[in-house]
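Two complexes are shown next, each including subunit A; its partner changes from subunit B in the first to subunit C in the second.
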Partner chain A sequence: MTSFLNIAGVSKRYGDVQALNNVSIEIRENEFFALLGPSGCGKTTLLRALAGLESLDSGVVTLANEDLLSVPANKRPVNLMFQSYALFPHLNVYDNVAYGLRREKLDSTEIDQRVHDVLKTVGLLDQKDRRPSQLSGGQKQRVALARAIVKRPKILLLDEPLSALDKKVRSEMQLELKRLQHEAGITFIIVTHDQEEAMSIANRIALMDKGEVVQVATPVEMYSAPKTKFVADFIGTSNLFAGTLGSGNISVAGKNLPIPSTQLASGSRAVLLLRPEDISLSATGEITGTLVSSNFYGGSSLLFVDCGFEQLVKVSCALNQVPSVGSTCHLSWSAADSILLADA
Partner chain B sequence: MPNRLGWLRIPLYGVLVFLYLPISVLIFMSFNKSDAPFTWTGFSTKWYSVLISSPNIMEGFKNTLIVAIVTTIISLVLGTLLAIGLARYQKSSSLEAVALTPAIFPDLALAIGLLALFTSLHLTLGLHSVIISHALFCMAFVTAIVRGRLAQIDSSLEEAAQDLGDTAVGTFFRITLPSIKPALIAGGLLAFTLSLDEFVIAFFTNGPSSPTLPIVIYSMVRFGVSPEINALATVVLLISALIVTIAQRNVKVQDQL
Partner chain C sequence: MALAVKSEERDAIKRRALLSRAVFLVPGLTYITAFMLIPLGFIFAYTFLSRGTYGGIEFIFTLENYTRALDSLYIGVLVKSVLIAAAATILAFVIGFPVAYAITKLPTNRQNIMLVLIVLPFWTNFLIRTYAWIVLLNTQGFLNKGLINMGVISQPLELLYKPGAIVLGLLYAYIPLMILPIYSALVRIDPSMKEAAINLGATPAQAFRQVTLPLALPGVLVGAIFVFVPSVGNFIVPELLGGGKTIMVGNLIRDQFLKARDWPFGSVLALSMVIMLLVLFFIQARVNRRVLGDSRA
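And now, the complex of A and B:
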């Protein structure tokens, strides 16, 4: 598939802060794409630049092979759903949603039809005469969404759309966003700092750190084949053992751990990544430690085992096999399940 | 909880009496039949008819209305633009302080300064010079109120309007102005009342031919308080009270939004 939105070498500096540093991403048509990263990584700056609310110092952005950056914000075929929703408080739901269509000078029957349809899609037809202050958080979020998609943009940008909602409503809205993206056939770009959200909602993710793109991949690739230590640490739950490579093993805090086959030279610094679900409790193990605590997560528990490393080792464990706190645990894993990363 | 106050009611009512007794005496005496201003002889509304038939007072009232209305319009437009400018482009807080201090200048200092300025510019004094002077300090009040409102509203509203395809001018009239409307009403009414009974600055910056109402009252009481002054003061009081009530109601609406 060819790229639809092509972001090539964009940079932006605010005083001493390099908000975006030579960022290049290719986004496909009808993709649900996530810009993920810790706060201050530049993801929101990039999103606002795509919407036309922020200028860039250098770089090129094309949408369907046409230059996007020279088009003013109010003429771009791109709409942004704001983190604060930015609903107009003096207008009711209907007028909020109709706002963008009226600016296009469409005739009133078409406006009425489209507003009606979109309100029905998000399930707010009954609330159309209400003011934003009379709506719940989830309802406001739907109005903001309806107001943006009713314009039928080529790309819908969503800035932390679910961050203001409580956890239960959030997972409902994640499903709803997926459904809407599918039905409307619009390319969605979502900005989030929540890796679980990005993993569950997006087709592909760009993980950003300090103004740079670290890795662009599908959620599964990102989890199973992280490119750097930062990715491994940011995505999912992980055990990271930093040490020095020997021949066929890595020396971490005086213990030699087995490693998968690697291109890295013996004697170099490296990090061994082990996911909690790849470690199992057994009679004899690679490492041995004491169970410090266990956290219950519905179907399984996460054990924290003190094996004499800097951090406790996290092990996921079926409910009926959780040992008592204080008991000795032998941990084992297959070296093929572990991932070895260079430590910069 | 009405019964919680207990003995604290005594000082409460004491303070209320202290605050409102003078005003009550004034209103009461304005309905006095007697020609002496403070000796009650019976009920009458004759002093209100005297007011209406007095050309001096009616002239002063007309001048005051002209000054208050024009002042309100000028200070609303300039004060709002200043507030928006401060909110959007302000880089230093001292700029904001400079814009707002005219509101707390001592009247006398401002009056003398304005008079000195007008004289050195060879500007003839009259209602226009009063209007300029009133607009100067009323604008600072409007700026303060509108600036406060702007600080409360979500700054991404204007961005959202542009994102939805609106122009900068359209955004101003469709989004910015409606969101600060309560502050505009409150600020405008405040400017109107401030100008309505302003004496010191008007006294210094006015010409001899067109006195405003406070100046007319001042020249009347110089030769002793006559009973129609009570009636006039009552009318001014009622107008001010009415306007302040409306203004406050709008500020409350603003808080709820």
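And now, the complex of A and C:
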């Protein structure tokens, strides 16, 4: 697949803050792409720059091999769904959705047809005469979505689209966004700080930190093969043991833990990553500790075991095997399931 | 049955909560009743009574006060007052809107300084400020002398004692009341509104006209009422800057009570003003609701 949107060496500075530092990402056509990262990582700045609402200090962005940055904001084939939705309160649902088409000076029968179609798609046809203030949060979000996709943009940008919704509506909307993206055949770029959301919704994710792209990968790769300690920590639930490498093991707080085969030199600082589901309770284990707490999550429980490390060790455990709090647990795992990362 | 009892209980609780909240309304309602509604009742009653020889009223029912108010002389004064106040209001909008808009573009601390500067003239007595315009505008005043010295004109201009001078005086006096509500409407507009319009294909000028301006309309209407209401009833500015030649309805009402001693006719004029202003408030409330979609501002 060739790249559709090509972001190359993009930088932006606000005073002392480097919001974007030499960011390069290639996004494919019809991809559902997520920009993920903690607040202040530059993901929203990048999104706004793509929409033309923010200027960039340097770098090149091309869309289908054409320069995007020289196109004025109101002429870009890129539409943004705002975090606050930014629906026009003085216009009803229909006029909100038609606003962008009217700016294109399309004839009224085509506008009417397209607005009707899109309102039908998002299930709001019978609300078309209502004002935004008369809608629920989920309905407002659908209007914002309809208003953006009715323009048939090459790329739809979504800024934290689900953050204002409660959990149940959010998971419904995640499904709906996926369906819409599939049906409309539009490239979606979503900005989110919620790694679970990015993991469940996107084809690929760019994880950003302090204005830089740390890793670009599919959700599965991101989880199973994180490039750095930051990625390992940010994505999913993880146990991170920082220590010094010996030969065939890592020394963490005076204990030697087994490691997978590695390129890292003996004696260097490293971090061993173990996912909770890769650790099991057994009769004899690599490490032993006391069960401090167990949190129930429906199908399974997450155990917190004090093994004398800085942090409690998190272990995923089937419901019928949860030991009583205070009992001694022996934890074991296969070294091949663990991941060793350099510790900067 | 159980459900009915419950809803009754709930109603009782609701009623008690409403009652305890109503307590806070008592001071305000007392004030409005004592100094506004009761006097208005008197005014209304006076309109049907006859004048006393030395002011006051005689309890003889008549409709003559109303028929007299329909005289073209008084209608003319009312129309002139409305036109002068409308001119001041429109000019206040034309000048005040760009000022308010410019202030919203400043950094927040500068915004506050500018707002204080705009309110600053209110700290000086209104009469003195209006008098100052006489000093500025008369044939020997700063403006005429300055223009003559610069060679722009050879004869001093007759600027004072004309409707234009009254409009200028009213505009000067009340323009802060236009700027402040427009400013507060503009700063409340979510900046992403304009960005959304541009993102959907609007030029910056279209975004301003189709989004910013309509959303600022409630503030413009409040400003218009704030300027129009004190302007249309004003009698100090027309007295000083109009030279007593251009009588506005405010002067007329005052003269009926204090000079002509015709309280009933003065009451008719005052009541007609009140009704006109109520109609204005009604229109403003309706437009407001239409712009904002519902009662939520």
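We adopt the following convention: the second predicted complex is superposed on the first by the 344 of 344 C-alpha atoms of A that agree within 3 Å, B and C clash if a C-alpha of one lies under 4 Å from a C-alpha of the other, contacts with A are read in each partner's own complex, and residues count from 1 in each chain.
By our rule, a residue touches a chain if its C-beta (ideal position, glycine included) is under 8 Å from a C-beta of that chain, and two chains touch if they have at least 3 such contacts.
Values in this document were obtained by computation on a predicted structure and should not be read as measured data.
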item	value
Room on subunit A for both subunit B and subunit C (clash or fit)	clash
Subunit B versus subunit C as contact partner of A:Pro89, first or second or both or neither	both
Partner chain in contact with A:Leu68 - subunit B first, subunit C second, else both or neither	neither
A:Glu104 touches, of subunit B and subunit C: first, second, both or neither?	both
Partner chain in contact with A:Val143 - subunit B first, subunit C second, else both or neither	neither
Contacts of A:Leu53 with subunit B and subunit C, given as first, second, both or neither	both
Which superposed partner A:Gln134 touches (first subunit B, second subunit C, both, neither)	second
Stretch of subunit C penetrating subunit B in the combined three-chain arrangement, among 4-12, 148-156 or 166-174	166-174
Contact residues of subunit A, present in both the subunit B and the subunit C interface	51-53, 73-75, 79-80, 82-84, 86, 88-90, 99-100, 103-104, 133, 147, 151
Residue numbers on subunit A that touch subunit B, as the complex places them	51-53, 73-75, 79-80, 82-84, 86, 88-90, 99-100, 103-104, 133, 147, 151
Residues on subunit A engaged by subunit C in the complex (per definition of touch)	51-53, 73-75, 78-80, 82-84, 86-90, 99-100, 103-104, 131-134, 147, 151
Residue numbers on subunit B that touch subunit A, as the complex places them	153-154, 156-157, 159-167, 170, 174-175, 178-179, 181, 257
Of subunit C, residues touching subunit A in the complex	190, 192-193, 195-203, 206, 210-211, 214-215, 290-294, 296
